[in-house]
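The first chain written gets the first letter, and so on, giving A, B, C and D; residue counts start at 1 in each chain.
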Amino acid sequence: MPADYRRIADFLKAAVAGRPPEDLARLQPHQREVAARVSGGGGTAPDAIDARWALPDLPETARPLLCDTRTRDEAAQYERNIEQFIGIARVPVGLIGPLRVNGMFAHRDYYVPLATTEATLVASYARGARLVTEAGGCTTLVVNEGVSRAPGFAFDTVVDAALFIAWTTTQWDDFRRVAAGTTRHGELVDLEVTLEGNHAYLGFEFTTGDASGQNMVTLATQAICAYIEAQSPVTPKYYFLEANLSGDKKATARSFLGVRGRKVTAEVRLPAALVEQRLHTTPERMVDYWRMSALGGVMSGSLGVQGHYANGLAALFIASGQDAATVAEAAVGVTRFERLDDGGLYAAVTLPNVIVGTIGGGTGLPTQRACLEIMGLHGSGHARALAEVATAVALAGELSISGALAAGQFAEAHRRLARERQPRDARDTPPA
Amino acid sequence: MPADYRRIADFLKAAVAGRPPEDLARLQPHQREVAARVSGGGGTAPDAIDARWALPDLPETARPLLCDTRTRDEAAQYERNIEQFIGIARVPVGLIGPLRVNGMFAHRDYYVPLATTEATLVASYARGARLVTEAGGCTTLVVNEGVSRAPGFAFDTVVDAALFIAWTTTQWDDFRRVAAGTTRHGELVDLEVTLEGNHAYLGFEFTTGDASGQNMVTLATQAICAYIEAQSPVTPKYYFLEANLSGDKKATARSFLGVRGRKVTAEVRLPAALVEQRLHTTPERMVDYWRMSALGGVMSGSLGVQGHYANGLAALFIASGQDAATVAEAAVGVTRFERLDDGGLYAAVTLPNVIVGTIGGGTGLPTQRACLEIMGLHGSGHARALAEVATAVALAGELSISGALAAGQFAEAHRRLARERQPRDARDTPPA
Amino acid sequence: MPADYRRIADFLKAAVAGRPPEDLARLQPHQREVAARVSGGGGTAPDAIDARWALPDLPETARPLLCDTRTRDEAAQYERNIEQFIGIARVPVGLIGPLRVNGMFAHRDYYVPLATTEATLVASYARGARLVTEAGGCTTLVVNEGVSRAPGFAFDTVVDAALFIAWTTTQWDDFRRVAAGTTRHGELVDLEVTLEGNHAYLGFEFTTGDASGQNMVTLATQAICAYIEAQSPVTPKYYFLEANLSGDKKATARSFLGVRGRKVTAEVRLPAALVEQRLHTTPERMVDYWRMSALGGVMSGSLGVQGHYANGLAALFIASGQDAATVAEAAVGVTRFERLDDGGLYAAVTLPNVIVGTIGGGTGLPTQRACLEIMGLHGSGHARALAEVATAVALAGELSISGALAAGQFAEAHRRLARERQPRDARDTPPA
Amino acid sequence: MPADYRRIADFLKAAVAGRPPEDLARLQPHQREVAARVSGGGGTAPDAIDARWALPDLPETARPLLCDTRTRDEAAQYERNIEQFIGIARVPVGLIGPLRVNGMFAHRDYYVPLATTEATLVASYARGARLVTEAGGCTTLVVNEGVSRAPGFAFDTVVDAALFIAWTTTQWDDFRRVAAGTTRHGELVDLEVTLEGNHAYLGFEFTTGDASGQNMVTLATQAICAYIEAQSPVTPKYYFLEANLSGDKKATARSFLGVRGRKVTAEVRLPAALVEQRLHTTPERMVDYWRMSALGGVMSGSLGVQGHYANGLAALFIASGQDAATVAEAAVGVTRFERLDDGGLYAAVTLPNVIVGTIGGGTGLPTQRACLEIMGLHGSGHARALAEVATAVALAGELSISGALAAGQFAEAHRRLARERQPRDARDTPPA
């Protein structure tokens, strides 16, 4: 995170060095009177909600927007998903489709709801979906699945740590049995071991059925750790249930090289005429764009090479009750464009960390469930299909945004949409 | 993305090899009749909304949840932020605080709204906020700011590309003037140049005032590119407005090493007694956890080392109208715990890519604006403060989750919350 | 690889833009008469050597230095290791030790020859070796081994690619048999499969006995590819024997997360008094240094965190006939310092890519063999021990250089050595 | 560094768990009698050399190979480059060329000496050089230069650290003056600042004339640090002269994104007929190979995408007296192949970290100087040209190895060379 001194100099001079002493003083910790604390008790009960809104400093205008009467009355439905509830954030949803997906698990024309506040996002994905569908749809394939949890164990010596690891590799059946006792849906399917000096990390890898599974693997791993504590011939000095080798909620080489959630690939073949008609460019120029942007990605030091998976994934995840924080890990992968012998365009995306569920988490909440039902993907038996649809959405987005950049329309779309919609009194508000 | 053959074998056998021919056939593109397309016209007008809901395959149960009468009537307020609108996703909001922030731009006790569907997230951040506040608050400091856009230009030879770059380095004043003509809030502040063979990439870096600025930098860069097209003594064979070197919407080494949005650092000092009282562990064990998890992060190949910035950032971003896709780039940084000479715990987080705005984007929508107003951070003049609050939230979260792991409570919290709230008929639903 | 425009401007102006046309002209390709080509024929025969030295433009002073009479006479001994031989590079060798290694494969006090032209390198490693030895030696442990070769196969569709992968996962026994037919020392031990759109990469992982094995795995993989060509039910459009997923000769996350050559960990415990006596600093300050430099490494975007493995590894590799290019892949890993409860210092290094051999390659050449014999590690049965010694050397180097930096002696050592040795007529030559 | 438990299980069982107690005991540190220590005194004086060879455990056969009479007599010439000298490692040198380089600094037909013990390496680079030369040579361009040193400073609070950084940004002229007092060849040209909590890292970037410069920047930075100690208005708790943010001796994103040594790009255009004649493949297939291997590199998590820069760089560095450990940092970059409109092949390599010198270090030693003289690049004024030649060598190597892989000859070359040269009594030695 280095910064050129010329640029940072102004900033720090303004922010720190040039400030009067009283300004610097406000950077100090202090024990002046603390405002009243938000109550953690009472869950979503109306009284508890009222108590939270009674905090002295909250603006009066906020409550009717976040918590109208109906929301207050129906708050109990959020009881399992939130603490210290004060209301509802409303995120607009746009619908795209049909998106034809020819997958092993997802195979039909899908309407896909996308929740976002970013102008042009839905329009861009809608264009990509149309293109994919007019080409006969994209082929999608889940090729691997798994979610890991990685406890770490500290020993006195590397010998103890190695003896411990050697022992764990003999406990596979017991680990599976213990894990199975905590869940009917998850299954321990792999174990990775890492020795670093006198530290041993275990990477338990589970399938998690139709749940995204982060909680499931935590509980199963805790049970395994309890078993280890009781049975291990070598006692760790201390251990932690998660030692940050699992890639949870962040982009990591480990997850990118392996799998987290589902690994899915999607491909489509676009005739040259279709590229010209819908994207106003040519397969050649799309490949030129891919080449330059792939190396741009490489030179930016990204994991994989891609354009904007995060846009579509975040919008789909928010709409369908996924954990939005997993965008950090899911939005990695490889996009490839190639010219076909017949002059058309081959396009493929491969996303190794599509971590989604169709049960558990936020999937049962009202609008989230409705969005899953629009896709026909709510409840048991649909998680792999949802992973395939998410990957097809990513492919549609890559085609549309690359097409806009290849055709020189990228800024145009943003400008037109921004201008058309500009309400009069917001003229000074810059688009963002 | 390699996978051990033993594990992938089952998957691919089931998914592909072992399937009957008719199953494989469904992976082929086909031109069978396509379902009706979602209408892009009409914006958020009631008729346009009705037309979309009239699509044949949408489930009847979905509309009342996503688009009740009031939503349909008030849809115009989303006109600038969404296309193909069909309704509203409702995401529950929990409130944490007070979180005492002693920053140069943010300096008071904040109540922070977090929108999430993940149980325990709000409770965990609330605990962290309490801890920070009881310690007298955290010090926060914005240390740099900027958002980049990176067009790429292709030439015949490396000599032409180098002559082009040499020319651009003489055009600084004109580039600034041209950029200034497109925005009153943004300013071109830096230029980076990259030569790769006969390809030249330019990295234009802007400050963007109180907007997150992705759109602003696109329009300014397009104007600069038009100027370049008109003035350059060397004509590119082709060029693209964005060649993927800007780190937009993805975790990259380039943004991590530089800045994207704001770079902010936050620190707090926790007396040992406070750690023991609130986290039920000791500063020593917290440092043990940090050491093992920092190296776990290193061995996972993450950018920086941290626990779960994405949880708090995603929840704050959704609540406050930020672009949720930017979680992919924002959730990187460095967390450091260290033991103080007085036996207490020093904790710091440094996030180089906090890309947030308090105007533009989704910040003017009803609930989003309300959430910003709860923090006193809506509108002009507040973006740096919001970046500091976001970083303070990240610090609070790191302390709470590390504390839970250090104290062995991590799984416990998940289990207790899951159990307490389990509705009777969901007993079979695994927590996720 | 972006560069700030202010800095690059001068360079490119000088290098390109400000040059007269005749200077730019010299950047063009041209077909002017080409000098005589170095003969590839004749191997190391005296006549062939003479013919090469008869090329018109070679300086007369060079031959006696590179190829004296004895070298010319004994050239045949290099016949298997070099083409277009013209003589011998002489690299000075320093000896360090004893270095006490308490490993499973290496367990004695070693004298280690290091070939380098960098002043202070040998002295620094000697100091580290003394420290390790006085502490009772370091424990070393090989924890995994393997070398991979990764062919890539292109198909028309993702379905074909997946069918191909599914088939390969059924051919394990045949792949092993075919590989076994090409080598008596190597063994196919694992297979990783990667699907990216319609491309399939196979990662064949071998043990290679006491050879470093890059050539062995190439020949074995070629045999497997011939088998695949003959047997596969799905025919690739084309394939390549190595598609760059093996990490050969470069630092990669994949090799860092897995193994290439041997993965070895080494640890040592240093009493506080010993740290003070030999390093003139304290365990506390060593840990302070580790913390700050580990995060420095993280913020530099390195693979793993370490100081200077490359120094010791390069010197050992050149001395002992290893492939010096593998320094690029071998010099990654994790160094950890920690304070012990008794006030001492715990230090560990873990290197996952120690790719060395004691037979084949350059190990049989005269001085290279002599250096291996000094360590008692020439020939069959010693590769694992050599990997442990290399890792112990890396540990010794980390301790010494960290100690110099922690004690503020880093520059001092360089200055003193540079000054003492400065011959009179080289006063103007800067040390480098 | 995780490993599948099935694979590591055997290893650890054999290595640790299954061993008898006496074997495990040998992993313990112990204070049994230590062998005699190699003497650090006496430098390269004949007596000192004799004393080292008199150590009891050295094999008698080694001395005549490493240190014959002449070497012992001439040892003084190595005095400034090595400690604890015992003799000379002999590495065979092959000559390739002519390699036509059309650079701004290097512009002629070069013969290039390569020191290696790896069979086929020289032959492969010779083929590539011939190809480049027959195409009219490659264009090369140095586009940036610099070497950094990065001290780290610890403070009590982030405010102190920020005040410190703000102060340093006002000291530019003094820092330059102080640095200039330590060297006549180097110049401070840039400063980067990094704030991480209460830690401040400064990145001093220097040009180093014709020396590779690592030592020069160390001494200059130490002088600056002394100035800082004396002048800074904020006193650090402690600081270290190098805090691992400089990328010294390792592959880092920071150096890859910036420059370390010289950043150089090289390009060549190959007519289709030439590709077919010399590489026995077509430009199309070369591009197919590039595409698949570039994505292979991406999926391996390398920095940049390339084949085998390390081979040529290591061989050139050893021959010409460079620091061989810098292969770890130098062997990163971007290779790009593209089809030209005329059916030919465009190829470019860009290496941002070519850290070489033509004075200082090992460049003045006998054979090293001779090798530089063969290229006409010894002494002042040649470092940029050497960087261009090194990059041209890398380009030649990429073309040759990619051609071999594209044409299916990769294994063939290794096998043929291995077989032809196999001496009778080495039949059992596997090639490596």
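Criterion: a residue touches a chain if its C-beta (ideal position, glycine included) is under 8 Å from a C-beta of that chain, and two chains touch if they have at least 3 such contacts.
The structure displayed is predicted, hence computed values, not measured ones.
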item	value
C-D or B-C, whichever has more C-beta pairs in contact	C-D
Recurring contact interface, reference A-C, options A-D, A-B or B-D [over half identical by residue number]	B-D
Rounded Å distance, chain B centre to chain D centre (Cα mean)	38
Centroid spacing, where centroids are CA-atom means, of chain C and chain D in whole angstrom	10
Separation of chain B from chain C, taking each centre as the mean of its C-alpha atoms, in whole Å	39
Two or more partner chains touched - positions in chain D	1-4, 6, 8, 12, 15-16, 27-28, 139, 141, 143, 157-159, 162, 165, 190, 194-196, 199, 201, 245, 253-254, 256-257, 294-295, 299, 301, 303, 305, 334, 336, 350
Interface residues, chain C side, partner chain B - complex	1-6, 8-9, 12-13, 15-17, 24, 27-28, 157-159, 162-163, 165-170, 172, 190-196, 201, 203, 245, 253-254, 256-257, 291, 294-295, 298-299, 301, 303-305, 334, 336, 338
Interfacial residue positions of chain D with respect to chain B in the complex	1-2, 4, 6, 139, 141, 143, 157-159, 162, 165, 195-199, 253-254, 256-257, 265-267, 299, 301, 334, 336, 346, 348-350
